[in-house]
Amino acid sequence: MSDPMRIRAQAAGDKVTVRVLMSHEMETGQRKDAAGKVIPAWFIQEVTATHNGKTVLTADWGPSIAKNPFLQFVVKGGKAGDKVAVTWTDNKGGKRTDEATVT
Amino acid sequence: MQTRREMLARSATVAGLLAGAGFLPLSAMAAWPQAAFDSKNMADAVKALGGGAPVESKDVSVSGPDMAENGAVVPVGCATTLPGVKRLLLLVEKNPSVLAAVFNVTDAVEANLNTRVKMGQSSNVFAVAMMNDGKVFFAAKEIKVTLGGCGG
Amino acid sequence: MVKPSLIGLAALALCAGAQAQKSTADGIAEYRKMLEDGNPAELYEAKGEALWKQKRGPKNASLEQCDLGQGPGVVKGVFVTLPRYFADTQKVQDLESRLVSCMAMLQGFDAAEVAKTPFGRGEMANVTALATWIASVSRGMRFNLPQSHPAERQSYEVGKRAFFFRAGSHDFSCATCHAEDGKRIRLQDLPNLTKNPGDGIGFAAWPAYRVSNGQMWGMQLRLNDCFRQQRFPYPGFGSEVTIALATYMGVNAKGAESIAPSIKR
Amino acid sequence: MHLTRLIVGGAAATALLAGCATGPSPAELDAQARQAIQSSFRDQGIAKTDRLNQDPALAACSTDKAPDEAAADRVMADALFTVKWPAGGQFVGDWRRGEAIAQSGRGMTWTDNSTDPKDNGGNCYNCHQIDQKEISYGTIGPSLWNYGKNRGITDVASPATAPIVHYTWVKLWNPRAYSACSNMPRFGHKGLLNEQQLRDVMALLLDPKSPVNQ
C-alpha cells in the first residue's frame, strides 16, 4: 500500500492555500534498470481535490511530473476548520485519498 | 502560530475510501487524455484536448527558476488573470512527453497552480490557458538545467 | 590620462565577471528556495514517526523504549548529540547504527541482516525513515556532541585521520573537497568540515531528501556515496570509519544549528 | 545474540583505552585509525580494498599538515620520474573530444563496470573553470580559461611552445611532479586516461582553436 500524502491547508483571509506532497515513484517508462531492462511506466494520472466534499480541481498528469509530486492550489471562500481532501489514481490502478483540516 | 508538525498531524488518512476501491472501472481510466500526452508539441497537445491555435498572451504566466540545479525536480507554475478559464496546462518543450499536466479548474479555485516537473535538458516551459469560449493563450519561459555535483 | 581610464576598464571588466557569476549563484539560490516549501522529506518523517510507535519484528515491540543516549524513549535533542558512546554496546554509535541496535534489542531483528540490506530497501529504508523523523524532532537545536568518554575522544581522533587519508584510484580524501572555505564542485558549494561550517551546513543538514534521485539519504548513505565518488572500496554500514568521521564532523560542528531533514540537489 | 556482532568492532578500541589514563599516544591513534580503515571497507565491483594501499606519495600527504621540505622534494622527484612522453612526440589531439572528456565525471567507482581508461571521464569541470560557456564548474583548482592564450600559444607545433606543452603534459600525467600534495589525480601515472585522451585534453587547453582560448 502507498504511503500517506502530506496535506497542508492554511487559511489567510477568505483564501485557503493547499500544499500537497504525494509519495509516488513517477516512473517515466523511459528508464532502464542495471540489467538494461526498461522499467515500466508507473505514474499518477489523475488528481482530484475537494473542499468540504465538493470537487474544486481535477488534474491529468503525465510522466513528466517529478517523483514524490508536489501540488499547490488556492481555494477561494474557505476558512479554518474546512476539510480538504485529495485523491490520486495511477496508471496501474493504484489509488489513495487523504484529508486535512484547514488551519 | 502552529508548528508544521501540528499541521501535519491534522492531515488524516481517509482509510475508508480506499477500502472499497478495488480496480478502477475502465470508464474512469478512459478519461485520461492519452493523445494529448503522446503529442510532440504544444499545438498538437492543445488540439488533442479540443483547443485551437495557441496565441501568446501577457495575461498568462509561467513561473519557475531561471536555472535548475537538477532537472529531476523543477518547480514550475501556471496562472492566468483572464476570466473564464477552463483548463491550465504545463508543457516542457524538449521532454519526450511534452505535456506535463492538465488542470481542470473550477470557479472555486484560483487559476494559479504550482507543481514540479522533470526536465531532461534546458528547455522552454509553456503555460497554456484554454478558455470556456474556445480561445487558447500561452506564455513561455526558458529554464536552464545545469549539472551539479560530481557527475559520476 | 591613460591610467585612470585603464583602471576604470579593469574595474568594469571585474564587475561584469562578478555579475555573471552572481546571476548563476542567484539562479541556483532561487531554485533551492522554491524547493524548500514542500520538502518530500516530510513523507519520510511521517513514516519514521509511525514506525517508531508501531509494534514490529520477531518480538512484536515498538521502539518507544529505545535509548538514543538520553534515556529510554527520549527523542527530542538526541540528534544533536550523536555519535556518542553507549555502555550497553560498548561502542560509539551514530543515529542509524544505534537505531539498528535498538531494532535488534527491542524488536528482535537481526542487526547484521539489517546492516547489510541495501539503502532504500526493506528494513534499511525503515532505518532511514526513523532517522529522518528523529532528526526532525531536534530541528533548530545546536550540535553539542559529548567528548567525555575516552572512546568518544578516540573516535574523533580516528575520524580526523580517516578524513585526511588519501587513497583510491584518484588519490582523493575527504579533505580534498572539504578542508577549505568557499570551494565548489561544479555549482555545488562544499562545506569546510574541519571546523563549524555554519548553521544548517554540512553535518547539520543531513538526513536530506536528494532531488537528483528522489531518495532520502541519512548520513550513512551520504558518507557511502562520498566514498564512491572518492573511488574508494565500499564502506560497511555503521563501520568504525563511518562513525568516526561522523564524530569528527559532529564535534567540529559544535554550535551549528540543525536544519535536518533538509532538501539537497 | 545479535548484539555481540555489533560489539566486535569496538572491542579493540576499548581494550586500548583500558590501560592508560592519559589516552592513547598519537602513534597509537595512527595505528588505530589504520586498523579502522582496513576493517571498515570491502570489495565492491571494480573498487577493491587494495585501493586502500598507499604509495609514498599518498602516505606523505595524508594529514592536515604538509610534509617537510625534504619529503616533498622526494615526492616531486619520484613523480617526475614516472612521466611517459607520448608516442611520436604527439602532444596535442582534438579539443572537441577533450571537451567531452573534461565534462565527464564518470569512471572507476564501484558502480562503473570497467577500469579501461576509455570508459573514464577526466572530471575536469568538477574542479576547474575551462570553457567559459560552461557555467557549472568547480573552484577547487584554478581557472583554465584562456590557458593557452595566456601563455602566448599561437601554434602548438612551434618549438617555442615546447616548454609549456611539456609542462602541461607532466601536469596531466603526474601533477605531484610540481606540487607534492596536489589535489589533482595522477591521470597518466594511475592509468585513468590513456595517451590519446590526454592528447585531447591537451588540445582543449592549448589549441588556439579551442573555445578555451577565444
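Order as written gives the chain letters A, B, C and D; numbering starts at 1 within each chain.
The working rule: a contact is a pair of C-beta atoms (placed from the backbone, for glycine too) under 8 Å apart; a residue touches a chain by one contact, two chains touch by 3 or more.
Quick caveat: nothing in here was measured; it's all calculated off a predicted structure.
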Between A-C and A-B, the pair joined by more C-beta contacts: A-B
Chain whose Cα mean lies nearest the overall Cα mean: C
Averaged-CA centre spacing for the pair subunit D and subunit B, given as whole angstrom: 45
Distance from subunit B to subunit A - Cα centre to Cα centre, in angstrom: 12
Centre distance in Å when subunit A and subunit C are each reduced to the mean of their C-alpha atoms: 29
Centroid distance [mean C-alpha coordinates] between subunit C and subunit B, Å: 33
Shared-contact residues (touching 2 or more other chains) in subunit D: 109, 123, 125-126, 135-136
Sites on subunit A at which at least two other chains make contact: 4, 6, 66-67, 70, 72
Shared-contact residues (touching 2 or more other chains) in subunit B: 4, 8, 72-75, 116, 146-148, 150-152
Complex contact set, residues of subunit C against subunit B: 23-24, 27-28, 30-32, 34-35, 42, 45-46, 136, 185-188, 211-214, 228-229, 265
Partner subunit A, residues of subunit B touching it in the complex: 2, 4, 6-8, 10-14, 17-18, 21, 23-24, 28-29, 31-33, 36-37, 72-75, 77, 92, 95-97, 99-110, 112-118
Subunit B-touching residues of subunit A, taken from the complex the two chains share: 1, 4-8, 10, 15, 26, 28, 30, 45-46, 49, 51, 54-67, 69-77, 85, 87, 89, 91, 93, 95-101, 103
Complex interface listing, subunit D residues touching subunit C: 2-3, 5-7, 9-11, 13-14, 16-17, 23-24, 29-30, 32-33, 36-37, 39-44, 47-49, 51-54, 57-58, 61-64, 108-111, 115, 123, 125-127, 135-140, 183, 185-186, 190, 192
In the complex, subunit C residues that touch subunit D: 20, 24, 88-92, 97, 100-101, 104-105, 109-112, 150-151, 153-155, 157-158, 160-162, 164-173, 175-177, 179-180, 182-188, 190, 194, 227-229, 231-236, 238-242, 244
